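For reference, chains read A, B, C, D, E and F in written order, and residue numbers begin at 1 within each chain.
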Amino acid sequence: MREDELFMQGVELMLFGVSTVVIFLSLLVLAIGLASRVIQRFFPEAVPAQPARQGRSPVAPRTSGPTVDAQRSAVIAAAVHQHRKRHRNG
Amino acid sequence: MDNLLRLWDSTGLAHFQPGQVVMILIGLGLLFLAIRKQFEPLLLVPIGFGGVLANIPGAGLAYSAAENALHSGDPVVLAEMARVLGQAVASDAESLLHALGMAALPAQHAAASAAEAAGFGNGMLYTFYTVSIASGVAPLVIFMGVGAMTDFGPLLANPRTLFLGAAAQFGIFVTVLGAVGLSSLGIMDFSLADAAAIGIIGGADGPTAIYVASLLAPDLLGAIAVAAYSYMALVPLIQPPIMRALTTQAEREIVMTQLREVSQREKIVFPLMLLILVALLLPAAAPLLGMFCFGNLMKECGVVKRLSDAAQNALINITTIFLGLSVGSKLVADKFLDIETLGIMLLGVLAFAIGTASGVLIAKLMNRFGSHPLNPLIGSAGVSAVPMAARVSNRLGLEANPSNYLLMHAMGPNVAGVIGSAVAAGVMISLVGG
Amino acid sequence: MDNLLRLWDSTGLAHFQPGQVVMILIGLGLLFLAIRKQFEPLLLVPIGFGGVLANIPGAGLAYSAAENALHSGDPVVLAEMARVLGQAVASDAESLLHALGMAALPAQHAAASAAEAAGFGNGMLYTFYTVSIASGVAPLVIFMGVGAMTDFGPLLANPRTLFLGAAAQFGIFVTVLGAVGLSSLGIMDFSLADAAAIGIIGGADGPTAIYVASLLAPDLLGAIAVAAYSYMALVPLIQPPIMRALTTQAEREIVMTQLREVSQREKIVFPLMLLILVALLLPAAAPLLGMFCFGNLMKECGVVKRLSDAAQNALINITTIFLGLSVGSKLVADKFLDIETLGIMLLGVLAFAIGTASGVLIAKLMNRFGSHPLNPLIGSAGVSAVPMAARVSNRLGLEANPSNYLLMHAMGPNVAGVIGSAVAAGVMISLVGG
Amino acid sequence: MREDELFMQGVELMLFGVSTVVIFLSLLVLAIGLASRVIQRFFPEAVPAQPARQGRSPVAPRTSGPTVDAQRSAVIAAAVHQHRKRHRNG
Amino acid sequence: MDNLLRLWDSTGLAHFQPGQVVMILIGLGLLFLAIRKQFEPLLLVPIGFGGVLANIPGAGLAYSAAENALHSGDPVVLAEMARVLGQAVASDAESLLHALGMAALPAQHAAASAAEAAGFGNGMLYTFYTVSIASGVAPLVIFMGVGAMTDFGPLLANPRTLFLGAAAQFGIFVTVLGAVGLSSLGIMDFSLADAAAIGIIGGADGPTAIYVASLLAPDLLGAIAVAAYSYMALVPLIQPPIMRALTTQAEREIVMTQLREVSQREKIVFPLMLLILVALLLPAAAPLLGMFCFGNLMKECGVVKRLSDAAQNALINITTIFLGLSVGSKLVADKFLDIETLGIMLLGVLAFAIGTASGVLIAKLMNRFGSHPLNPLIGSAGVSAVPMAARVSNRLGLEANPSNYLLMHAMGPNVAGVIGSAVAAGVMISLVGG
Amino acid sequence: MREDELFMQGVELMLFGVSTVVIFLSLLVLAIGLASRVIQRFFPEAVPAQPARQGRSPVAPRTSGPTVDAQRSAVIAAAVHQHRKRHRNG
């Protein structure tokens, strides 16, 4: 009896939880879209805040040394690769 | 002679119990993984060390004054504590400890006073736990710091990736179901609150997991935190096979269009918008997401660099030290060495796997309907585990196509996953807690 | 269905009250002023954000456990709280909240225990407020940091400017009179303690205002802090017209003689001398001025650079974050949206204006009697608002005479104003408080 | 009745407050003068602690970026101005 | 007129007692020594300043709310406090203060509540003391920071020097004997716990001394901390004559063989090994040595640089500020101006002298039996006083032989002395405390 | 009576204390020796962690400026001395 009840509560929690997460993030998608359009149309910035830095992690490294280096070398490797490719193609 | 006995009695050797030996070895094992294998060392070094400290016999570092009084075994003290707790005077320490755990707040306060009067004090780690975790402050401060370190640019440039962050939270809820299922089958004994706290492991976000566990299942906090951080460190091992199994070579080769630049104003408005949405829909997530948004706003607004720096450095580092040691205090043998811990570890890896799979599958689905190509490999980054999961996506993308750099694209779902699991945490707290 | 109701009930939408909407808009307005107009952003960003957080309906971040229990509206909980507070069992939440506010300490503790036992906890901002402001610690730590950043050289080189710092505090006391006057006329309802706390806005010194308000009028703290920091940010708008109206072109053109160099020994002796004077005359100002002198001594003595750096950076920044959020917790609708707040804002700007005028007028008076020329424009810097007011003096001096640099000369009265308002705070606390 | 009393208390507070502030700061002026003379006569420093930096704010900036820059540029402007003036005169 | 009296009554002048004048002069004296003579300025600047603050008459910064209520002398308050403390209603303040000191915990809490209800609050320094020292946290955090700054390389390269660190703790125990001897002779009145706390001065390690005193003899904490830090600063004066008297020129000229390099792995394993040994043998030393080892592990493991930096900078500096001010709060006249303080100062220098002598003598002894030459001058470094004592050894070595650099060799016993006195502290706590 | 008892307790404390300290540190000496041998034999490091810096204080300076400078200049003086000595001998 009690066990079944617990399981049903779990099912309910899952259903409500999943739907809330999806609804919340969907609304956020809408809000972002709206805000972007409003800002880009009515409050554009003269100069872009920062140049987009391709390949830079948007989160400051929370782990120490090695991972950061790994990331950096990945970025360098990427740059080299793109450079070569361009020259091959051209 | 009396003193000699007292001295012997004061050594650890006289009191070592097998469980404590095992737990100290587990603590040392965590330190080994953290130092040698670089498993989330910022948290696992303090957690592992705290775990060793918590299990030093006779030191009582992880116990409250009342618990230390009961562990002392002094018959006079026991009799007094029994009186205060309203138990039979002849009760033994174990039954009194049980009674203490069950006692109402006033009786607990009285027991604490009696223990203090008898010369017992709160253990160091117990103090740290009370101040940093039981108060809820430490995980929130860490979340603020993480907010101050997070760049939502990639997410704002491609907001659709929020759906991937939503999808990957599916693992959380399946795990809740798994936990209550194990209880229903009589294999384990998790309450709904326990199940909810265990599920959050699948959120792959340490502070969120600790915050939820401290509210819903403090007894399981040690195991949950260890599982959360261990699996976050194991993301590079757990995710790739699942990602490969669920995608074709052609899908993995998909090159995504470059992200547009996002203006500073959009970045400033985003945390405020998120906050308003939380206020409208899910107040229970307000502490977590509020502090996260606050940190992010300090970073992006550009006028409070001093505060943003403090949040990203001194404050988060100091808090991490005490948070880690405090989590370690929950690694005492009598709470950790339990079949439940095994269940938590198993359910935790299940949660990660399901979250990864859901992210990838929804990415494949979205790829069918959207106009822009979407590489399904970035779906797995939706579990959070920032920035590890995004790096895994990048690595697998490069494997399939050496010029396919997915890192920035994967950062969108990656930070979306942080929001997603905080939202899931809010649902849990509002439905199960209180 | 039950769960669905619970879920809806757990959203903010179900509970939003008009006052909360207004307060959230005010919070966002403060953020706009702080970020876009750079109104004292270091404080107003956390205060504004805290204000938004405090008004999220259903989250109860700014309330104590007992208040949260009463806001829950759960009839069982209400009955238990009524019993603990010694009220009729059928009392409604509002009357119980009132009873809680009036209750003696033991009843308040009992109510807190009952609420905790029923599963309610202190809100996050309430916790921050208790630890940082109610304890008195945060404003004192900020004052220590400000002391460690202040150079008394210009003041020591020209000690007469202390009189300007004294004169500009006149606004404080006129404002007290204004506040009790409004009460006497029945327009508002300020007690003497309230009036004293409101007057301190005229001290143009944030931490002093918060410290005094936390002791004398905690309910008005939100409005007082917002007024103090807003008007400090508005100093470049408020002061110039008054300064121009009260001075002639010839006076504004006065060039002052260059300041002598002050030896390190004089700078080391100064904070100690100030401390001794406080000890002799005004012990009630000892916490504020003691910490200020301590910070300054650490800076000047030159042998504890580590500590001085900590006071100027990590410590003050961390404290500012929590102080700001805590002040924000006092921006809840039912405490802030009140005719009294309007009175505070009006009296506050009056205090600034009178302080500015007094400083300028006394400077003109001193100029008649002293041997060295004194530009009356530096009188306005005596209100404190460091270093904004000194810059205003400098700017108006340059307007009148493009080679008339008053900045260093104005720093004397500027830091004197900090001491002056701390002394005024001591008088208030010793005469009105306790 | 009560309102008048409150107002009288306010007047009293003002009078005591203003006099205390003035007396306190006057004593401080005297003390500074005394201390300066004692130190300069009996405990002079061999070398002055720091050269006086004209135009430098004695309070480390509590606000961020822009204001500091504004201040710095004001100082520079001042220096330029003085330089020109000297050459004009000479 | 009433207000005028109240104003006069609120000045310090109306309440100054001779003892407070003396203590303020002592505080200023400590500041002079710290700033001018560079006597351990990082601690003695805050301690000295705290001592001045604590003795400002009428401010009550070092007193609890209840003590402040009793000091107020208000007859209504006194009567209420007498009732709460179960004393005759007509009791005077002094006898009530005594009763408060003797009261059981519940009565103390009741007294605190009554005082708060009457509008009295804890003094600022009392709050700092409660949070930082009474909780035990501040000395432990400092110890963690010291651990994170200590390099055990020289000790690991020459582990025999640990014996010198053991030998130099002999002074601790002889001092204990001296203190109980003075009591036995009826000259002073030290309990065994007092004696143990006094002895730890000889450990020449500030945080250890403060930690032990806070547990065993809180009333003597001020004198003990001042003695410990003063004598640590005086090491260059106290040690050399003893060292010269006990060694011959030939011994002082002994050149030691260069130390081998120690691998990082040995350095990582050392703190863990030390922790295990503490767990096995001396759990009472677990808080102190546990935090020390934790700090050292963070430093050596190399994967948590953020945390190690925080422990070595922001955290230790902030803690030092509050620790110092808190120690200063124990320099109130009625607790410090006592014949016992004189005894503590005398016994303290005795402890340093005996520790120095024992270190040198054991070094001479070891030199007879060991294979490698050992310069007895490094024995004195075993008292700890890091790194002052090691520098003294180095200086005397250079005096005897201008090419005899002992600094690195002396660092072994120097850091061994830290461990030694923490072990001694553990013995004291487990035998005397609790 | 009581005084003698107190003194005897002090003696006891001394004896137990001294022996505990000596025993503890002796065991630590043994443990260090054992660990060093095990690590050097079974887990040697490829490259030594850090070059031994002769004369560098192993404890980061807890006191400010002057003492550190004193130490540094002592080290420099030492180096100069050794240099001269070597040349004198050679």
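By definition in this document, a contact is a pair of C-beta atoms (placed from the backbone, for glycine too) under 8 Å apart; a residue touches a chain by one contact, two chains touch by 3 or more.
As the structure is a prediction and not an experimental result, all values here were calculated from the model.
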If you take the mean of the Cα atoms for each chain, which one ends up farthest from chain B?
-> D
Pair of chains joined by more contacts [C-beta pairs], C-D or C-E = C-D
For copies chain B and chain E, work out whether under half or over half of the interface numbers are shared, and give different or same accordingly.
-> different
If you average the CA atoms of chain A and of chain C, how many Å lie between those two points?
-> 40
Where the centres are mean C-alpha positions, what is the separation of chain A from chain B, in Å?
-> 21
Averaging only over C-alpha atoms, locate the centres of chain B and chain D and give their separation in whole Å.
-> 51
Residues of chain E that touch two or more other chains: which are they?
-> 3, 7, 38, 41-42, 281-282, 303-304, 306, 314, 431
Please set out, as single numbers or ranges, the residues of chain F touching at least two other chains.
-> 16, 20, 64
Residues on chain C engaged by chain D in the complex (per definition of touch) | 38, 40-42, 146, 149-156, 159-160, 162-163, 165-166, 169-170, 172-174, 176-177, 179-181, 183-186, 191-192, 195-196, 258-259, 261-267, 269-270, 273-274, 277, 281-282, 312, 386-387, 390-391, 394, 402-403, 405, 407-408, 411, 414-416, 419-420, 423-424, 426-428, 431-432
Please give the residue numbers of chain F that touch chain E in the complex, ascending.
-> 3-4, 6-7, 9-11, 13-14, 16-18, 20-29, 31-33, 35-36, 39-40, 43-45, 48-52, 54-64, 66-67, 70-71, 74, 78, 81-82, 85
Would you pull the chain B residues touching chain E in the complex into a rising list?
-> 3, 6-7, 10-13, 15-16, 24, 28, 31, 34-35, 38, 41-42, 45-46, 49, 52-53, 55-59, 61, 113, 116-117, 119-121, 124, 127, 313-314, 317-318, 320-321, 325
Residue set of chain B touching chain C in the complex reads 104-106, 109, 135-137, 140, 144, 268, 272, 275-276, 278-284, 286-287, 290-291, 293-294, 297-298, 301-304, 306-307, 309-311, 314-315, 430-431, 433-434
